[in-house]
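After this come two complexes, each holding chain A, first together with chain B and then together with chain C.
Take a look at the complex of A and B:
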């Protein structure tokens, strides 16, 4: 197998232990949870997800896990392959502010906060990142591309090169990438990804995705049943949680909500669609502001939200090649990541969500230094202007400094929508 | 999850239709259906069996060619595939009729009702026949299902080769017309015309299937010249059909009968529609399409997604995970729509 990284200069990894990170994470999480608990109606077993997102219990559980743990970034990584090797995938994208500061000691300030925050965890040797035996990184944007190089000093890093578009030639390249990733995982975990195993895991993940869609449909029928933040919380716990337990709990949640249906029809609030750069726990600043001001986040097309569980891998038949092809298609084609040259799919997705959820306004979360999303907001704004749908762009990062500023802007926007 | 629920309703219905049609087409006579009794217009007298005519021609008589007393002779019931004379009920192939009527220069007034029937069916249903009725399509589907159960690899034609096969289909269609016209030159003696007579059947891959499963004793009954070149071609086509074990519906990409019907696909009343906004471009429809067409996947501007190489199997609609994204219309009414499956 050809190695992508030559690693001519191997540096001793920079590490720095920082005390109190765990507590800081807990504090940030609890701040969000407190704000979320103000909501009148919340489903009963949401407390399970709260516990998972706090991470302490799950961390201990993973520490005791004898198999391999493989970290990944973005929505492009086929978790089927990882599960098929009896390893556990953990999504390492992070929204924690304190680790950004840690990272800024060695990296420049003008780098995307998501990368800095995630890498900060590695420097400070804490959280899930420390448990990972290997990391899979796609190449959607420049910061992630260079993160590959930097991380290669710390632990084995596998690269998944994302093509520039979704044409058939790109699809072939992408399929080759998936196949080589499969070989790498086989090599690393010393388990063969047989046809049966792939079939099983595809079914398992398919079950999770359909269950998520069920929840999504319940919320579409009545968005007030479950807050937007709670919805995102449920999604984001799936990045860390044991998949089978998550499925069980979410099945329970769906049952609970479908019983509840009738009571919440008259509750009218302003419906908001959140789109743009990923919003990851515990960086729920913008969401907290929106929902605390009385609006309802009914849908999103965030890659850390709906998009991470929405897409299905649907192989026509259980043969290895067709399954791998379906995996490749499932993760590439329906992605709405702005890393593609032409991203009409995202615009279509947003327009469809606006139509389906009868959205009042769009709030575009533009993470500072996330250029791709920032550039894309321009076209989306013009298209929405044509359709007479108001949109508000919020430039922000992980720090809490600008909370009040954003609050006034969002307040004014909501005020405008009310009229 | 319920276990007895039919996950793919359209495919389920289609398989039933295919099995029934296959039995009717190939072994219909055994089911107690007598071909003669199916006559819709029994008062029109049947002409001489043209076999007898051919015999009389050798004695010097003039051959009149087969007459077409009934509209349903051409396409639907009554007339069976010539390789299934004794046992079949009807045929799903139209090319035989085209070739034969040209060969005998049948006057248009006799053909009027047949062409009208064909047009009505084609405009109503388009290539519906390929997916739901055609026995060759069914055989190919069965071959593919066998491969699926053995978990062998599925192969694909390259886009270029698919185009080549489609062009080959056009070539075949045109050459069949030309050969039929050749066989119609009036001054030529029958012994010469015989060589290219019914070239469509002589080249048909069915020559190596139906006589063996339905037409005992096995009779190919063709011209000696045909046994040369045409047999070679038909063997090649038969092999192409066998390729469908690895590549879904390989013969359908060449089939001249399907080509003829495909001209009506775009305007037919059986139509597929897509909500461009609802489509997430997930590509599932490409993966499940037996002819791996990309048109449904690519179309994001218009609602109309009818195109020539679609065989109306509606698998894309069965598999589409987006609610109400794909729909089947018939005469303006929604027959079926894509659903989100639990």
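Take a look at the complex of A and C:
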């Protein structure tokens, strides 16, 4: 009976074979890489990350993987639990324009591009999404909530309910969510998440997070050693790559960078902080414009970027309960996603970054139809105005058609900062 | 020292030639399909008027959306910076300029200036063309009026209609249905001007409202929009004598400054 009720309105999934989508992704990626190469100095082993982001090799590798692959969205999903079940997590938030068009064939246009693009990937049966056995989705905003419902026609979807704030009662509810997610993962993968497995994977991810921080510190000491886009490239490849290989390569990268000398005179370039809606490969349009115009993106607070490094899970003792508690706190408290009712954490973080990186101006990326970021921009704008830090807001989406207009705005903004 | 500023806008391309700091020639050409040809045409027209040739010019700054298209320029600067520079040079009888409204063909912008005339902040209209000269052009053709007459016609109305749509295409069909309903043409035109004024007023709120406002760009010639803006903002606006040349003038001034730096 329960089964029947549950299946009552399940629809036959809509699928669309689309030729050329993979080529289009490759073209979009290469366009970014071309523009990134123009910067001049880049670390030697950056080509490794370039290959990962193109995705072709990694896709084949994952296709041959015999265990479970679990997709997830946002920064709230504890990858520790997935790795502990010997499964592989893949982040599915997408920045690809062509799959937006695919999605718009069945859903309305007036939905945030990130969700349209990700869902478009699912229905066009291409990329990592196709390899996922299940998906974990949090509930930060309306498009993500309804994505849960729609995706449920296609594959098992597990929901992680995001609390509205970070108070202690919210933290309790959140911990329960994490615990039930753990059970679901155990059932699904038929793998017990033992204390020992958890401890190991917490350490593994801790190592990765430490590397994020190391890179961040290197850039803080000398922001010109590595371009902002290259930094994001390194972070975003960790969403897809084999974690141990990524750690090896990134240790190498850090070592290499700490030996490098400055490649630009200090303060030669205008230092920009990028904040706002997620910027995910291959949607590097705004970043390309900024850096092609000669400015340097020295830091960001994007959930697809620097936000990743604030989450350090450090349990006081290796018992399952304490570890789960540390995981829950780590993922909730470090987030500055605008889904929370009050988000002073984000303002604090932006102000801190401005100071630490001696930022000249802030560029706010507002994805069309992403209401949360749009609304939050108002407060930040006023606060920065008070502090006399110039901010430029760019409203855009994943298409290329407004490139020239954005260029004019950014260029004028840089001219203004140069004075 | 002879320098030149070229503003390649979406509708018109404007050129200003300076000798030392005085304007010795200026010209305007319609941009039409080729910004490149328009720039060449505008420049040679301006040169012909003073019997000079291109080699007499020591420095050219190009600006506007087509700024990168021409090959004979020495430097490109955005229209926002040029607009600020041009406006401060012209000045205003209302006192030190604090805010500039530029109503151009494809975009409109509001610029806020600091004490020294430097740019403090700016906003531009989004992708869509509502609230720009292009919008007026579309409406003028639907209403079978000349774009230059719209302002005067608007002032004759006592009862402007309300245009609800915020996008050019939708507004166009809205206007068509207003015509079909038999609404008075003056009232419709007046409503169109009011809707543009409303958009611009919204942009002014974004950068922070100031007292001394300078209004330029081709759209500043529209007295209807001018009046609605003054009503909405509750302050007088200053429109310079040739509002479409402000940006080109700014570019030519930047040309002088660039030359000095060399």
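Definition applied: the second predicted complex is superposed on the first by the 402 of 419 C-alpha atoms of A that agree within 3 Å, B and C clash if a C-alpha of one lies under 4 Å from a C-alpha of the other, contacts with A are read in each partner's own complex, and residues count from 1 in each chain.
Note that a residue touches a chain if its C-beta (ideal position, glycine included) is under 8 Å from a C-beta of that chain, and two chains touch if they have at least 3 such contacts.
The shown structure was predicted, so the numbers you read here are calculated from the model rather than taken from an experiment.
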item: Comparing the two partners chain B and chain C, which touches a greater set of residues in chain A; value: B
item: Partner chain(s) touched by A:105 [first = chain B, second = chain C, both, neither]; value: neither
item: Which superposed partner A:165 touches (first chain B, second chain C, both, neither); value: neither
item: First (chain B), second (chain C), both or neither touched by A:419; value: second
item: First, second, both or neither for A:405, with chain B first and chain C second; value: second
item: Which of chain B and chain C A:187 touches, first, second, both or neither; value: neither
item: Partner chain in contact with A:395 - chain B first, chain C second, else both or neither; value: second
item: Residues on chain A lying within both footprints (that of chain B and that of chain C); value: none
item: Complex contacts: residues of chain C adjacent to chain A; value: 65, 77-81, 107, 118-122, 124, 126-127, 208
item: Parts of chain A lying in touch with chain C, wherever the complex brings them together; value: 385, 390, 395, 401-402, 404-405, 408-409, 411-412, 415-416, 419
item: List of chain A residues in touch with chain B within their complex; value: 166, 168, 195, 210, 213-214, 217, 310-312, 314-322, 325-326, 329-330, 333-334, 344-345, 348-349, 351-352, 355
item: Of chain B, residues touching chain A in the complex; value: 148, 151-154, 159, 276-284, 286-288, 300, 319, 321, 323, 340-342
